[in-house]
Amino acid sequence: MKIFHLLPVILLGAVLTSCHNSDAAKEKDKSINTTASKSQWANGAQLVISVSMQFETGGQPEGAESPFSGSPLPKGQPDLPAESWYRYGANEGIYRMLDLWKKYDIKVTSHVVGTAAQKYPEVARAIAKGGHEIAAHGIAWDNQWNKSYADELTFVKDGVDVVEKITGQKAVGYNCNWLRRSPNTLKVLQELGFLYHIDDLSRDEPFVTNVNGKKFVVMPYTLRNNDIVQVAGNHWSPDQFLSQLKHEFDQLYAEGATKRRMMSISFHDRIGGTPAMVHAMEEFIKYTREKSNVMYMRKDDIAKMVINDPKTPLDNSEEQYNQ
Amino acid sequence: MKIFHLLPVILLGAVLTSCHNSDAAKEKDKSINTTASKSQWANGAQLVISVSMQFETGGQPEGAESPFSGSPLPKGQPDLPAESWYRYGANEGIYRMLDLWKKYDIKVTSHVVGTAAQKYPEVARAIAKGGHEIAAHGIAWDNQWNKSYADELTFVKDGVDVVEKITGQKAVGYNCNWLRRSPNTLKVLQELGFLYHIDDLSRDEPFVTNVNGKKFVVMPYTLRNNDIVQVAGNHWSPDQFLSQLKHEFDQLYAEGATKRRMMSISFHDRIGGTPAMVHAMEEFIKYTREKSNVMYMRKDDIAKMVINDPKTPLDNSEEQYNQ
Amino acid sequence: MKIFHLLPVILLGAVLTSCHNSDAAKEKDKSINTTASKSQWANGAQLVISVSMQFETGGQPEGAESPFSGSPLPKGQPDLPAESWYRYGANEGIYRMLDLWKKYDIKVTSHVVGTAAQKYPEVARAIAKGGHEIAAHGIAWDNQWNKSYADELTFVKDGVDVVEKITGQKAVGYNCNWLRRSPNTLKVLQELGFLYHIDDLSRDEPFVTNVNGKKFVVMPYTLRNNDIVQVAGNHWSPDQFLSQLKHEFDQLYAEGATKRRMMSISFHDRIGGTPAMVHAMEEFIKYTREKSNVMYMRKDDIAKMVINDPKTPLDNSEEQYNQ
Amino acid sequence: MKIFHLLPVILLGAVLTSCHNSDAAKEKDKSINTTASKSQWANGAQLVISVSMQFETGGQPEGAESPFSGSPLPKGQPDLPAESWYRYGANEGIYRMLDLWKKYDIKVTSHVVGTAAQKYPEVARAIAKGGHEIAAHGIAWDNQWNKSYADELTFVKDGVDVVEKITGQKAVGYNCNWLRRSPNTLKVLQELGFLYHIDDLSRDEPFVTNVNGKKFVVMPYTLRNNDIVQVAGNHWSPDQFLSQLKHEFDQLYAEGATKRRMMSISFHDRIGGTPAMVHAMEEFIKYTREKSNVMYMRKDDIAKMVINDPKTPLDNSEEQYNQ
């Protein structure tokens, strides 16, 4: 494990990383020098894993997606079991996940809906206090793709301000409702001082895109390792989710020997925060700890690490919108 | 196993508990004193598991959900295979589950639809005779969220009366059709002398809420460990259901070392009562018997145990409706 | 294995049974005397398994359910890949299953649509030649629940006649399209000399019901162990189907020690006849061969064995239609 | 492995085959002479496996199927996350699969949409450079079943020409959008000099059909081992897909001892090219390498090998359209 301490982590500013080697992995230590020297990441990682922990509960509009929304009640009629299903995210889900991250010393990125933090400020503060990144997710649980530039700017800024007041953290990363950006979103985010957004599925590594001629980081998000897609939407059982994570990890870790690779995982308060899902995630974390140079990181730290790294790809696929 | 006998079970009145330690678990006995003394439950449990066994067959309205209801027949045309599918619950399902509970000395809570008991009184009596709790589920298989206060009161009371006449047990626990309460439900239940309801998904432990200023117990129900949701609705195979149960158990049992934790499981006569599901459930029961201080309990016993316990959370999230 | 040879199989007329004990099972031989003497079946079985092998391909109407029917083409436009998907049942599916049954000396019941046999007479004959039961499934792939008594009688009789002419076997068992009988179906079947029907899901054993005052056998069918429901409809993978079969078998076999139990399995030419499903079924057969006194039987043989057995339940749940 | 070298591979012209025996399989070598001499394939294979790797990304029309298309945006509004999801196929998916095929020296058939190759010519060239077959998939991602003869001919020819200009390979194999041919498709393909098409699901081996009195090869395609059907459509997890492949392989390989058998697998750039799916596929390839005489082949090579082989079935099921 010597090589890791030789890495220029001090130069990385606020970058927090965690790297563990299990006993089993220690036998491979002799090859670590070689491996690490080939790393495509400034911190020597063979694979960077980043978890998004969405905190949205309390911000949901009437009739928001739930196990009950398939047969909606008439407008104005409270759907009490659906509301109780959402409260689970604030009562149990986030806290259970925070316990898991703490146990394994993992720092995650939490996308916080403004109205969720207003409804449950103690939950938002607990996330921040745990050393996790507070990222923005809009002032409300609402469509963003159909807003005017001015409305979108207000929508994003209000969310940042509200959450900063509660948590003390000013967001530099953004996640749109259902990933659906407007053509203006990146310009709006840049104007507000954001460093990166995550609503892109085109690569297994972060890249830089030019927005008004300046660098903006695009962080890969995931539908594949996403609890709301696979568990709430596609009705996967936890063992299926765990199997997906392991297959994805095995492949990306192997590729990480020669390419810069990042694995993105997404958990939502009321879905990923259930006992079975957290248990599956713990099994996955243990599984990844068998390998050396796997680093779980916050997305702001990743963004800072790659934005000026010449190895970071430049991709202007959406340049028509960003100038 | 000594510690269990030292527990103040006598003080718990009608509370029936079952606690078994497998041989494998016995090696852990040395730590049980410590564990039990840390229990958050009055009976020393590390985890309380409660099974709901819905008895609804015979009460279903025309066109009720079945494998055939996706392509409904014209009104008035009998859907004979669908009706035979329902009869399975009374012919086979409930009896098979009763055999399972008996084999492992588990007492469950059975939510009985009034018209189901009227159609199959011998089934309702067999449940009661097995030492299980007879809980209420309405006089009929019908929406409850859209009833007036008076109609809802009659709907609930008729169900209780009909089933009491057949089984000799007066229900103190309630479950609404598809969990969908009206804003008046808790007041109606309190007026009728109920002790608890289960149509809440917000916590992994029971809590108390104030209804007209008096304590009312809210027992956690489940969609996650629910045969009608996962097997009939989401088409899980039995191995998926078993895997879900094990993942959930492992997590909640671990948490139970320091928090009060309860696991809820739901089986319906015609779905959970099929051979493969009962077999999966038996495998789960055996799995839980490997651990010490896992207690399967009726929900009325749980409610009585927690209602005056100061460790029980007070949660008035719905107070706007309950005063 | 002595006890098996002592069973009065000779008295069972045309009843064909197969019973195998694996080496593993032989260790249990000492208890077989006891077990068999407790058998609820006249042939000493602890569990009877019966496979239905539907032969329908070639009889399907335009737009019949297929992987393509979700986005139908305009009427009259041939859906060529859908048609090729159906042809698979006649080209590969039935023959592959016949090879499997032959390898394990299993006789099944094949429900043959009249127009399918007309389109592929060589397939229908191959089934009959394999020693399998040719049962009726209507002259065409069409709704039966909405026909008049006279039309239904013609519909059933034409199917029997056409298939008898091709295969030499006159059907005594019936299966309706999607199990959906009319209220007259049992009377129609009785008038035509049928012995049993299978469109009932209410029990895990055959029973007798009175039709016009005479006994008629109702053979349990299955949606649980049914390829068209679980694989084509619910998109199960073969390992899920295999797991379902094993869970169901384990439970019913255990129950068979004290109750009469039957397990029903359904395979359709173009679905269950695919390589992965036949392979899964072979694994299941091997699994069942580990146990003693498991008998795979044709449904006509089962019907003959139970119709006059006093242990067979009498169930007149549908008597309003059958007099 | 001697027997393999004795096979008349030289006579097969451009036929490229790969055959590997694992150490485990070597113990079976003594029986290989027998096995191979019984082979139904000219190259001695016991089972031929052919992978289709669709390259379509960049050619998709607005609103094409994606995880977002279930709730479409208004016409003209760019669906940015959906577009980024598609770009994944060109950025990561194809290259990851090419690495896998190279690692195991497997040559596949790539069905290339003309506009995809125009958008990403470097991807199309990388496929061709890897020794894979460039097959046609239309000039655009569009319905083909509803085109006139003349329009269909242009649609197919434009696709061939565009892709040939980019890759240097002229397609001889065809795959329609969603397999949906018009009644004229085979005549169109023959007029353009094609050797085979794959939009048929009726057999587990290639066959010959007469088109205008001349032989045309029909290559079996698959919905069963198809990522877009099972993973994108039916939401299978990678372990389910892997299990399906293994069950199918085990059965077809066993049948291959006495019959000509072919296994078809389909991967699409943005679906099968994800890390978990490629990892699952690698596990499958390793699994098949345990057996002798398993050959992964391009479909053009298979077509050339079988077209004049008398053992190849002649099937004129669609002759009404092909004359």
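Each chain carries a letter (A, B, C and D) given by its place in the written order, and its residues are counted from 1.
We take it that a residue touches a chain if its C-beta (ideal position, glycine included) is under 8 Å from a C-beta of that chain, and two chains touch if they have at least 3 such contacts.
Computed from a predicted structure; not experimentally measured.
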item: Remotest chain, chain A as reference, centres from CA atoms; value: C
item: Residue-number overlap at the chain C/chain D interface, same or different (half cut); value: different
item: Inter-chain centre distance, chain A versus chain C - centres from mean C-alpha coordinates, in Å; value: 51
item: Inter-centroid spacing, chain B versus chain A (mean Cα positions, whole Å); value: 36
item: Interface hub residues of chain D, defined as touching at least two other chains; value: 235, 240
item: Contact graph of the chains (line, ring, star, complete, other); value: ring
item: Inter-chain touch pairs (all); value: A-B, A-D, B-C, C-D
item: Complex interface listing, chain B residues touching chain A; value: 145-146, 178-181, 183, 185, 199-204, 223-224, 229-230, 234-236, 240-241, 243-244, 247-248, 250-252, 255, 263, 317-318, 321
item: Chain A - residues contacting chain B, complex; value: 67-68, 73, 77-81, 83-85, 87-88, 91-92, 96, 235, 237-240, 274-280, 282
